[in-house]
Structures are given as structure tokens and as C-alpha cells.
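Below are two complexes that have subunit A in common, paired first with subunit B and then with subunit C.
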Partner chain A sequence: MEANPLAPDILFTLGPAPVSRAVVTTWAIMALLTAVAWAGGRRASAHAGALQTTLEIVVETIEKQVGEIMRRDPWPYLPLLGSLFLFLVAANLSAVIPGAKPPTGHIETPAALAVVVFLSAHYYGIRALGGAAYLRRYVKPSPLLLPLNVLSEITRTFSLMIRLFGNMMSHEFVLAIVVFLAGLLLPVPFMLLGMMIGIIQAYIFTVLAAVFIGAAVGGELE
Partner chain B sequence: MQWTVEMLSVIGAVIAVSFGAIGPALGEGRAIAAAMDAIARQPESAGTLSRTLFVGLAMIETMAIYCLVIALLLLYANPYVG
Partner chain C sequence: MQIDWWTLVFQAINFLVLVWLLKRFLFRPVRDVIEKRKAQAEEAFAMAAAREAEADAAKARMEADRAALAEERQKLLKSLHEQALAEREKLLAQSREEAARLVDAARGTIAEERKAASADLRKQAGGLAVDLASKLLGELDSDALSRACLDKLENRLATLPQDELLQIEADLRNPAAHVTVATAHTLAPGEQELWRQRLAARFAPQDRIVFEADPAIVGGAELRFPHAALKFTWADQLERARALLQSDGADG
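So, the complex of A and B:
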């Protein structure tokens, strides 16, 4: 049973920098996603092969969902949101591979992704509206609400991070306890539940990122 | 008996998880009951309903997960234990 679920799991050190298991898994997922996308899009043609058709179905499904959530043209935001979703699904499902730990189960990866969402919401908002109009949304119902609006920016980013981290980490923790208590086959249903939780959490993270970016671009809060 | 910070942390973690589970449990029960009711009225919309239900349940469950994170912080990363 893992002693401390909050401490990083150091595999080796590269010079002065310790490299944890989460970082190695993240790089493996990035390499895998890049390789699949490259293999699928290398010789793209109208008479698509199996891999290209699969990738097109995935991209079009994500495009439709994001368009429904944001209610505007999703294509400017699709590179960020789509790769976020695909990375999160791959990361959360990496728990089923023996030896791999989902990087989202340690606090650094969800924190970095939440910061990416936070910054890109402001970037898209300022690019769409201009600086003054974008800042005006913080005093919109009344200037009295300015501190609350600024506070909600911080807390919603924080809760985005804790939601993903807590769900993935707690699942790993429950699994460790079940393995510790009772042997071989009992953890299997918990692992199936964990796969479902992983996909749902990836979906929720992406939906919330799309909602935040859509709100920033539309000039309203939430 | 002398109370130490470790003992109080363990008690605090137990209280956080046990009481933190009550609210989300009640909320999830209500959500599932409402979804069952809706599916019974309109079976053709079961797909959309259950998808929305799962997302909503995951959102509600997050509240309990927050309590679990606080409990684990108390047990494993307590700032007051040297």
C-alpha cells in the first residue's frame, strides 16, 4: 500500500532535477498521442483509411460537443480543448497499464492544466474583446462585486484543480486499500468503475474549460 | 490523558470524511430519484438524461472528495506535525 498519496514518486534524477513517475508517464502519453496523430494525418486523403476515419470521428465529435457548449464557432478553441480532452482521457486511463500511474493523480499535473485553462481564458477573452472591454466584465452588475468576481476567478481555477486531482488520487487510494484487504479478483470491478470515473472527469474538465473560455469570450462571468 | 496534535488530526480526518459524506449522499440520492422519475415519464430521453446524470453525480461527488483531500492532508501532510 502506498505510504503517502501526496508525495511524488521519484524514479530517477536527471542531473539536479528529480524525475517522477508522473513525468515519465506524461511524456509517454505525449509521444503516443503525437505518434497516432502523425500516423493518421501523414497521408490524409479523401478515401480515408481506418485510422484517419477514426481520428476524424473523434475530432468531429469533440467539435460538435464544444460547439454545443460554447454556442459559437468552436474551431479557434478546438486545438486547446481537444488536446486537453484527449490527453486527460489517456492520462486517466493509464491507470489500467501495470506499472503506470495516472499523472493526474498527483497534484502537479492538474495544477499545471488548471493554470493553462486560467491563462488561456484570459488570452482568448482579451483577443476577442480588447483589454478595456474585457476588464469591464469584472464590474458588470455593479462595481461593488469586483472583489467577489476576482475571488471567483481564483477559486474556480483551484476547484478545477482539486476536482481532477481528488477524484483520480482517491480512486487510486481506494484501489490500494481493496488490494490490501482482499486479493486477486475483488479489485476488478473497482478498476472498471475507475475507468468510467476517469473518462467522466476528463469530460467534466474539458466542459468546464470550454465554459470558462466561452464566458470570457462572450464578456460575461460564468 | 494528554491530547497530541497527531491524535487530534486523526479525529479531525475521521470527522471530515464521515460528516462530509452525508451531504453529497443525500444530494446524489435526490438526483438519482429525479432522474428515475424523468426516465419513467419519458423513456425515449433516457440517453441524454443518464449522460447528464453522470456528469452531475461526478460534480456532487467532488464535494465529498474535497473532504477526503482535507482528511489526507491532515494525515499525511499536516503542517503542525514536526
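So, the complex of A and C:
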């Protein structure tokens, strides 16, 4: 019997820390995104080149989308949310590279991103409203709802994690089964479908993160 | 399912590092560029608005200048029109004055010419009348006329002032002196005898009375004494008539 496909694929260790394939893939994605960003933004000027123009379009599209969701100036939140979207797109689309496996297909990466979003929402909320005002929103409209509010904070983060993980993992499994059953050509439509799913999941994850942060900043519960 | 917490921590740190990296190399430069471009656009808009305002002001100034120019033009045209009217009136007055002066001068000239022509005509008519009368009277000489002249001369002698009469008689006492009877035509012997008798009774012997034909006297007779003459000739009368006509023409 083969190993558990959901178990982390440890490539090497750094001292006591095992380094999984997902981490290495993430490093590669980080390097790629940073290299592209550096290449496009190192000589940023009003008269942009092709790469800078592309990056500007991407950034402005994300900015517009985040601004519409949060209904406030998106620039303070754009590094987090924009990076989240770009990373998720790159990570989800890494499945098309032969031999590569998307980091989001393992629970640790979506969990890590969900934790970052969870903490970021509280950070931005407390920074915008202050600690007391931020905490008061959990007892509104009634203190009786405090347990439910706290529970919803946890569950929505959990659902955020599971949604991304489930979609990407299931896609990996479906693709593997189709490849096993039908050979080389039939998986191509499934791979295209997977690309679409990857982009959609990245969009959903980013939109939900923006909604959570926006609700926290606005003093509202989701 | 198991979770590798190391991987979770690695991924969380990786993501935070990626956030920092993209903020540093992507979002901040892009935002700077966008801000810069927006500032440039706003500056361009502001400049365009300023230029538009400037153009509006210039247009307003131009329209005001144009209105002032049109008003000035109207004033100038009105002034020129008034000046032209005044000049026209002045020229008309001058022309009328000049025309009146010319008419007066022409009238004067015409009057002068008419006067001169009238005088000339009168002169010519007088001359013609005298010439005609001379011619007619020259042809009319006869013995009766000669006697009439003789009667006339005797009457004239009778009415002469005494001193003139005495002077004539004193002149005729000289034996060489004689009385000449001048007529236009030579008198017939009978007539000469009659003249001798009438004159001898008053002045001198008959042999000192001489007869002379002088066509210049036209008609009548002339008594010529040494220092005086008594005339009753057509020539003398016509000359007086001519002088009278010409003097009338000159007066007229």
C-alpha cells in the first residue's frame, strides 16, 4: 500500500525542522514573484514598460476589487490581500508544471494562510477601533451571543482553510485518478478546469479575507 | 490526516516574508508610480484649467476690446460723418458764394458787354445814319438849299456878338483879305451873283468874295474870314449829330 497522499512530503531537514515539498515550492513561488516584481518595479516610472504596465494592471485590478469589497482606502491592506491573491494563484497554478505539486493541496499551507488572515483581521480591527471597542463588538447585539460570535470567528477561519484545501486536494486526486484511468490526453480538460478552479479559489480566499478584515475594521461581525 | 506544524510555521513565515517582499518590490513602487501619474494628471488638469481660465479671460478681454473698438469705430464714423457734413455745408456755402460771385461777375460782364455793344451799335448806327444823311443831303443840294443857307448865315451874322462882328470887319479892312464862300458843289453863276450881292451889302466889295467848292462840307455853305468862319454845312451839323449820338451812347 502506498503512503498517505495527505501526509507532508519531507524533502530535507534544517536542523530539527523538516522541510516539506510544499515549503520548497513556496520558496520557488516567492522567488518567482519577487523576481517578477523586482524586474517590473525596479525602474518604475510614469512612462511604463510592458512588464510594469502588466503589473500595474494587476495591482490596480486587485486594488479596485478590494476597495469595492472593503469600501475604504484599500492601500493599507493591499500588500497582505494582494500578496495573498498572487501567491494563491501562483500556488494553485503550479499544478500545471510537471512534477510540481501545489502547496495549497496540503493542509498546512491553507492553515497557515487562514491563521495569518485570522490574526491580521484582529490586528487591523484593534488598530482601527482600539482594543475595547473591538472586543465590544463580540457582545453585540447581546452578550448572550458572545459564545456564538467567538465560535463563528473560529469556524469561518476553519472553513476558509478547508475550502481551499478541499478544492485543491480533491482536484489533485481527481487528476491523478483520471491520469491513471485514461492516459495522457484526457486529463488536459481537467487540467484547464483545475486552472480555473485554482484562480477561482484564490479569488474566493482573497475576497473572504477582505470581507473579514473589512468587517473587523468597520466594527462589524461577518 | 496529520498536520506538520513545522510546515505550517514555515508557510506562515514564508507568506509574511512574501508580503514584505511584494510590498517592497511591487505594491510600493506601483503605488508610487500611480500617485506620481495621478499627480501629473492632476497637475495637467490644473494647468489645463488654468489655461482654460486664462483663455476665457483672454476671450473676455478680446470681446471687451472688440466692443470698445466697435464703439470707437462708431464714434469715429459719427465724427467723420459730422465732419463730412460740416465740410459739405462749408463747401456748399463756398460754392454758393462763388457761384453768386461768378453770376454777379457774369452779370456785370454781360452788362458791360451789353453796354459796350449798345454803345458800339449806337456808334455804328449814328455813323451809318450820318453817312446816309451825308449821302442823301449831298444829293439834295440845290439852289433853294443854297439860298436857305444864305438866309441862315445872314441870320447868324445878325446874331453874332458885337465884338466878334467888329473883329471880322476889322479883318476885312485889309485890302488883301477876302471872304471865301465854300460850298460842296460849285455854285451856279446866278447863285454866285446872289451871294455876292448879299455879302457885299454887309462886308466887302464883290471882287473880294471868292467861291470855293469843298465836297467835305457835304451840303450848305461856310463863310471863311481871315480869322474866323461861319458855318452852316451839313458836315458840321452831321458832325454835331454824330457827337451828340456818341455822347448819348456814352452816357447811356
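Here is the rule we use: the second predicted complex is superposed on the first by the 216 of 222 C-alpha atoms of A that agree within 3 Å, B and C clash if a C-alpha of one lies under 4 Å from a C-alpha of the other, contacts with A are read in each partner's own complex, and residues count from 1 in each chain.
Operating definition for what follows: a residue touches a chain if its C-beta (ideal position, glycine included) is under 8 Å from a C-beta of that chain, and two chains touch if they have at least 3 such contacts.
Computed from a predicted model, the values in this text were never measured in an experiment.
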item: Contacts of A:Y203 with subunit B and subunit C, given as first, second, both or neither; value: first
item: First (subunit B), second (subunit C), both or neither touched by A:E60; value: second
item: First, second, both or neither for A:I154, with subunit B first and subunit C second; value: neither
item: Partner chain(s) touched by A:V115 [first = subunit B, second = subunit C, both, neither]; value: second
item: Partner chain(s) touched by A:L181 [first = subunit B, second = subunit C, both, neither]; value: neither
item: Contacts of A:W27 with subunit B and subunit C, given as first, second, both or neither; value: second
item: Of subunit B and subunit C, the chain that contacts the larger number of subunit A residues; value: C
item: First, second, both or neither for A:A46, with subunit B first and subunit C second; value: second
item: Touching partner for A:V96 - first (subunit B), second (subunit C), both, neither; value: neither
item: Residues of subunit A at both interfaces, subunit B in one complex, subunit C in the other; value: 4, 6-7
item: Partner subunit A, residues of subunit B touching it in the complex; value: 54-55, 58-59, 61-62, 65-66, 68-69, 72-73, 76-77
item: Interfacial residue positions of subunit A with respect to subunit C in the complex; value: 4, 6-8, 10, 17-20, 22-23, 26-27, 30, 33-34, 37-38, 40-42, 44-46, 48, 52, 55-56, 59-60, 75, 78-80, 82-84, 86-87, 103, 106-109, 111-113, 115-116
item: Interface residues, subunit A side, partner subunit B - complex; value: 4-7, 159, 162-163, 165-167, 169-170, 173, 196-197, 200-201, 203-204, 207
item: List of subunit C residues in touch with subunit A within their complex; value: 1-12, 14-23, 25-34, 36-37, 40
